[in-house]
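Every chain is named by a letter (A, B, C and D) in the order it is written, and numbering of its residues begins at 1.
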Amino acid sequence: MVDLAISVGTTQNPEAILFWVLAPLTVAAALGMLLVKKAVHSAILMASVMINLAIFYIAQDALFLGIVQIVVYTGAVMMLFLFILMLVGVDSSDSLTETITGLRPIAIVASVGFGGLLISLIGRATLGRSAVGLSEANMNGNVKGLASLLFSTYVWPFEVVSALLITAALGAMVLAHHQRIQTRPTQREMSTARFRGESLANAAGLPGPGVYARHNAVDVPALLPDGTPAANSINATLKARGDMLTSGSFELGKVDTSAEEEK
Amino acid sequence: MTTSNSLVYLIALPLLGATILLLAGRRADKWGHLLGTLMSASSFGVGLYQLSQMLSRSNEARPVTQKLFEWISVGTFNVDAGLLLDQLSICFVLLITGVGTLIHIYSISYMSHDHDRRRFFAYLNLFIAAMLLLVLGNSYLNLYVGWEGVGLASYLLIGFWNQKPAYATASKKAFVMNRIGDMGLSFAIMIAFATIGTVSFEGIKEHAHHTSTGALTAIGIMLLVAATGKSAQFPLQAWLGDAMAGPTPVSALIHAATMVTAGVYLITRSNFIFDAAPTAQLLVVIVGAITLLFGALIGTAKDDIKKALAASTMSQIGYMILGAGLGPVGYAFAIMHLLTHGFFKAGMFLGAGSVMHGMNDEVNMRKYGALRKFMPITFVTFGLGYLAILGVPPFAGFYSKDMIIETAFNSGGTKGIILGVVTLLGAGITAFYMTRVMILTFTGKSRWDAEAHPHESPILMWLPMAILAVGSVSSGFLLSRGDALVNWLAPLFEHHGEHEELLAPIVVSGLALAMVAIGVAVAFLKYSRQEVAAVAPENVSVFTKIARQDLMQDSFNEAVFMRPGQLLTSALVKTDEHVIDGAVRGVAQLALGSGSVLRGVQSGFVRSYAALILIGAALLIAAIWVVI
Amino acid sequence: MDAANYLYLSALLFTIGAVGVVVRRNAIVVFMCIELMLNAANLAFVTFSRINGDLNGQVVAFFTMVVAACEVVVGLAIIVTIYRSRRSASVDDASLLKR
Amino acid sequence: MLNSLTLLMALPIIGSIVVALLPKTKETLAKQVALITTLIVAGATIAMAVNFQRDNVDLQFVEKYSWIPTFGINFAVGIDGLALVLILMSTVLAPIVVLAGWNEAHGGRWSVKVFYILILVLETMMIGVFAATDVFLFYVIFEAMLIPVYFLIGGYGTGQRSAAAVKFLIYSLFGGLLMLASIIGLYVMSGAQGGHTFDLQALSQLEMSSTTQNFLFLGFFIAFAIKAPLWPLHTWLPDAADSATPGTSVLLLGVLDKVGTFGMIRYCLTLFPDASKTFTPMILVLSVISIVYGAFLAIGQRDLKRLIAFTSISHFGFITMGIFAMTSQGQSGATLYMFNHGFSTAALFLVGGWMISRRGSSTIADFGGLQRVTPVMAWSFFLAGMSSLALPGMSSFVSEFLVLVGTFTRYPVHAVIATFGIVLAALYILIPVQKALHGPTTAGNENLSDLNLREKIAIAPVIAIIIALGFYPSPLLKVINPASAHVIAQMGFTDPAPTNGDK
């Protein structure tokens, strides 16, 4: 599989085909990442951009980097992103409406200017230069070539970067660690709070969410005897995220099929 | 030229007196007036000594100089603190110190009730010193020091009772108007230095005959401006009337006998310039002629005895200036009139002071009347001065004024006739208003306020008046006997060819006397035959109203100089505050404003910072794009 | 094929990433856009390596990857912390730089 | 006494260290130390003046120590007649200011001791700025002088003191930075012509194109015109003088502002003779405007301190006019004017300050009839005013007249317009004199106390100097003349000969 990719990528014409097929896809995925509403979708598109890039690396005789790209980026980093996305959930920041006046046009004008100038600059800088190619450098294999550089010329940066990596890992742990400010309430205290509190409304425990025969979900509030939705039957986190459906849409005879499609 | 070491004492003695009196303060209250009088008298003594020395020498050797020290010396501008006493200055020295001493004596009594008599004597001594410096300085710059010195003394003395705001204003007005004249003197000195290269009398006289007429005319005109300021001549005459705010002895000494005649001295002293600059000389004559009528007309309407006398002074100095403007023939007569005027006008002022002294400082002549019986000595001395100013033979004015009228007639051509007529007319008006003063004050019925108790003044006051009256009677005769003064001064002036005589002296005298007679007669008819109102009547002719307001001179100054000046000042103050400083503050506001605008960029939103970074990166790329 | 095409692609991706950083409000998406920019840079490095015929460019790209990984780890931890206290992952809510 | 400028500069610093070491509570002792120090410095300066060779146009008492060798910067000092006169003025004024403003430091933001430390440090700089012969040293002191003055105004002044101090500082810094640019320009030019240097003598030999010269000249000139201050760069002065204590105002207007006019002669004329000639017409017009404008503004002021400040603007116009008239009379007159103005402004500010502190108001209209209540104070103010309006017999007359005569021989029109300033001077002095001293004694002024012995001792020498120099200015002129003749000769000018000497 890898060998095939190499053989396809390194030949002259096949590389062009590869490039002209994958490059538009990559750009499209990158643009999509900007334009889609949901962060999860962005993450998926991002992963695809990364895979494409890995292929480009391999096509350009950077086998090791290509593999690392897939393993580290697509495998580890993107999974981390997805994990955090799941943890944080969806919120208003997913909306694409701009809240800072005038920022979007400024961004577009500036980016068009920036991109245009950069591309034209690259054009001027590289015009008429042909690539040397890495066949000579990769004589002993790409990994060996990289290793000999890494552990000779770049050994000091390598050590520093490794220290950085460890520091980052520690830092992430410190940041993510949640320290309690108060001691965890004991069962007794919770019980006291429930029965000696100002009202006895919740003495019997909070109501469960509205789990209906037609729809089995924890994000739909239960209905109180008078037919109004019980807001406190929903998990606080879901409420905070705004991931709540109205129970009214499940009334008999008014089956909302959109809920089905949502799933 | 003879040198002397004693000239400086003339000035030093009164200056020392002034310094001691001012520094000693209240401690000198008891003896201050005596010291002041002594200093003035000793200066007079030195003057007499100098005169005797001078008489003992031949004509050419008479001028005496003394170099005190090198005053200002920069490059070619060299002025020594040097004194020059010649035939001209000795006249002034004796007049100043002589009349000055008499007035010191008079003031001892006149000011005896004043809390600040010592200060008054200090100022008087200061004035004497400055005035002596004026007439003794051997260069225009030395003269200038004295010139402004007398201005300062005059300012201090007019404002002696400056707790009254009007008096303080009068003193300020006098100083400022004098400064305008002084500016003319500085211009004259500057032009003289730039064109001739020296500012001493001697140096300029030496070079005058080969200096261009244009330059000399310019110098002459500027000297005339100076003279108009100091001598209250048209158009800088307005301050003199107000200057009567000062104590009466001051009016007698400074504003009648000495300081105001400094302009005549200046023109006479600068004879070498004016002789060579006919245009300037003509202007001098014109100014003199205008002022002599101007002053006389004001004099006819004044009810304030001192202001009437002040107007008369203005008019008489007009005669002198006119005389001095007539060139070599006129200088001596101008000086002669100056000296005789010094006697009779000082005498009359002292008389007026004596009247005021007896009348609770009342100055309105309409509230006098019939004082002859109560103040016989004052009446006699004043009357002698009156006869002198009228030019009745053989009193002093007859000799001096008639000479000027005669010279005016004989100055040739239409100019001579015009000037002659003007001077004759002036003589007639003078007769009218002086007779008016006499009648209102001394004759007729009494119109006093109830609390007035007229009485004759003490001997210390009437003695100087009497001495001056003697001068009023005899000085003209003595000075003109055998052309004494003319011959005495002759060496100083260029010799002149004889003019054709338009009118014989006897004819001129006849005409003048006729004019005087008419003036006196009209005054008699108007004031002696009918009752004089104690309050000035309001239903008078427009002419009288204008004359009462000093011929609108103050309104004119106010409208033409003061108001626009005030407007300009306040406009400039606003300009400075809002335009110039506004521009400065504008720059500060600009910095603050641009700061607060740029602060908006720091919104705190990460994404706007990111946008800025993007823009920055784009600009950077653009810069690279442009460079490579 | 001209290796410069990769550079153009890299520039394009970089620009898209930059726009994303500016216009998206979700901190995680912003982060992903930063990653995109880093990756675009990596592509350029790799391409340079090919053009120059030595492996230095690849080494730099390798280091970039490591640093990017560190950045992601710390960055995501920060996002989690912020989310925990503010219940939002919008970068606009965290305008503490000003107030 | 050793004739060393460095030692002279060190003396006040030593004094300030002594003051600094005193405990904060011993206020009187601090004042005494400051007074004694300034008196010693004044004495030392007079001794130097006696040893000064009057006819020698070269710099005297020259000292030179290497300071920053990398850039060829030396601590180089030396004085000619011009600098000597100004140093003399500064050091004589310093003890007078200390004595006159004995209680000025109370009520300030910091302690009394700090006030005197600032004054003494300022005195060192005042000597240094006139004595420096290294352009860089001059610049450093020129700018450093702002610091003590800033604190003196901002810390011990009245009213809007902080705002005034900031305005003063920024205005001066702006000019100073323009000058710094020019100095760097000179340094670079010197590098191209035989070695980098900041030495004034060496720099004056530089060959420059006229454009370069004009730009460098402007950098210096604007800095000096702000300091001097010349219309229209004057607006900081009234504010600063209004807020500063009288003593500070004396040092500010009397000494610091002289650095501007001194700099015009020493740096503008010496370093850029051609550019000076190019700009002379413009500068003369500005000077004449300053004279008349300052006078009008003074007439229009209601506040005594601001009035005095505006009279100074008018006087500085005269000084600048004299400098650029390029005649020996103008030049000597201007230098003498600098000296005399120091004393006449000192007299005005000190007496004015006493009046204000007694009355508790600086509005002229609040005074009235002081002559009856406080005769000595009134007389002092009157004499100071007479000196300001250049009454003959006062020292300022000699200098003002020399400036006018010197200007007239070359630029008659300017001189004529400037002469109108003397009439305006009469107004701007006599109006406050009339309002404050004359007239009936108004409410609030009845119980003012006259000058006490300390104040009399402080003002007496000032008035004595004013009058003495009015009658006998020769000693100073003899020191000034060679220096100004040297400047005129360097510029390639000769006094205009009498024009109409021949018919």
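The rule is simple: a contact is a pair of C-beta atoms (placed from the backbone, for glycine too) under 8 Å apart; a residue touches a chain by one contact, two chains touch by 3 or more.
This one's a predicted model, so the numbers in the text were calculated from it and none came from an experiment.
J.: Any chance you could check whether A-C or B-C wins on number of contacting C-beta pairs?
T.: By number of C-beta pairs in contact, A-C is the larger.
J.: Which chain lies at the heart of the structure, taking centres as C-alpha averages?
T.: Chain nearest the centroid of all protein C-alpha atoms: D.
J.: Using CA atom averages as chain centres, what separation in Å is found between subunit A and subunit C?
T.: 13
J.: Distance between subunit B and subunit C based on Cα centroids, please, to the nearest Å.
T.: 96
J.: At what distance in angstrom does the C-alpha mean of subunit D lie from that of subunit B?
T.: 37
J.: Go ahead and note the Å separation of the Cα centroids belonging to subunit A and subunit D.
T.: Chain centroid spacing, subunit A to subunit D, equals 74 Å.
J.: List, in ascending order, every residue of subunit C touching at least 2 other chains.
T.: In subunit C, the residues touching two or more other chains are 18-19, 22-23, 25, 91-92.
J.: Could you say which residues in subunit A touch two or more other chains, in rising order?
T.: If we look for residues of subunit A contacting two or more partner chains, we find 100, 103, 107, 110-111, 114, 118.
J.: Taking the top-of-page definition of touch, could you list the pairs of chains it picks out?
T.: By the stated definition, chains touch in these pairs: A-B, A-C, B-C, B-D.
J.: Mind pulling up the subunit D residues that touch subunit B in the complex?
T.: Against subunit B, subunit D makes touches at 167, 170-171, 232, 234-236, 293, 296-297, 299-301, 327-329, 332-333, 369, 371-372, 375, 379, 386, 391-393, 397-398, 401-402, 404-406, 408-409, 412, 415-416, 419-420, 422-423, 426-427, 430-431, 433-434, 437-441, 471-474, 477, 481, 484-485, 495-503.
J.: Which subunit C residues qualify as touching subunit A in the complex?
T.: These residues of subunit C touch subunit A: 1-9, 11-20, 22-29, 31-33, 35-36, 39, 42-43, 46-47, 49-56, 58-59, 61-63, 65-74, 76-81, 83-84, 87-93.
J.: What residues of subunit A sit close enough to touch subunit C in their complex?
T.: 12, 15-16, 19, 23, 26-27, 30-31, 33-34, 39, 42-43, 46, 49-50, 53, 56-57, 60-62, 64-65, 68-69, 72-73, 76-77, 80-81, 84-85, 87-88, 91-95, 98-100, 103-104, 107-108, 110-111, 114-115, 118-119, 122-123, 126, 129-134, 136-138, 142, 145-146, 149-150, 153-154, 157-158, 161, 164-165, 167-169, 171-173, 175-176, 178, 240
J.: Which subunit C residues qualify as touching subunit B in the complex?
T.: 18-19, 21-23, 25, 30, 91-92, 94-99
J.: Show which residues of subunit B lie in contact with subunit C when the two form their complex.
T.: That would be residues 602-607, 609-611, 614, 617 of subunit B.
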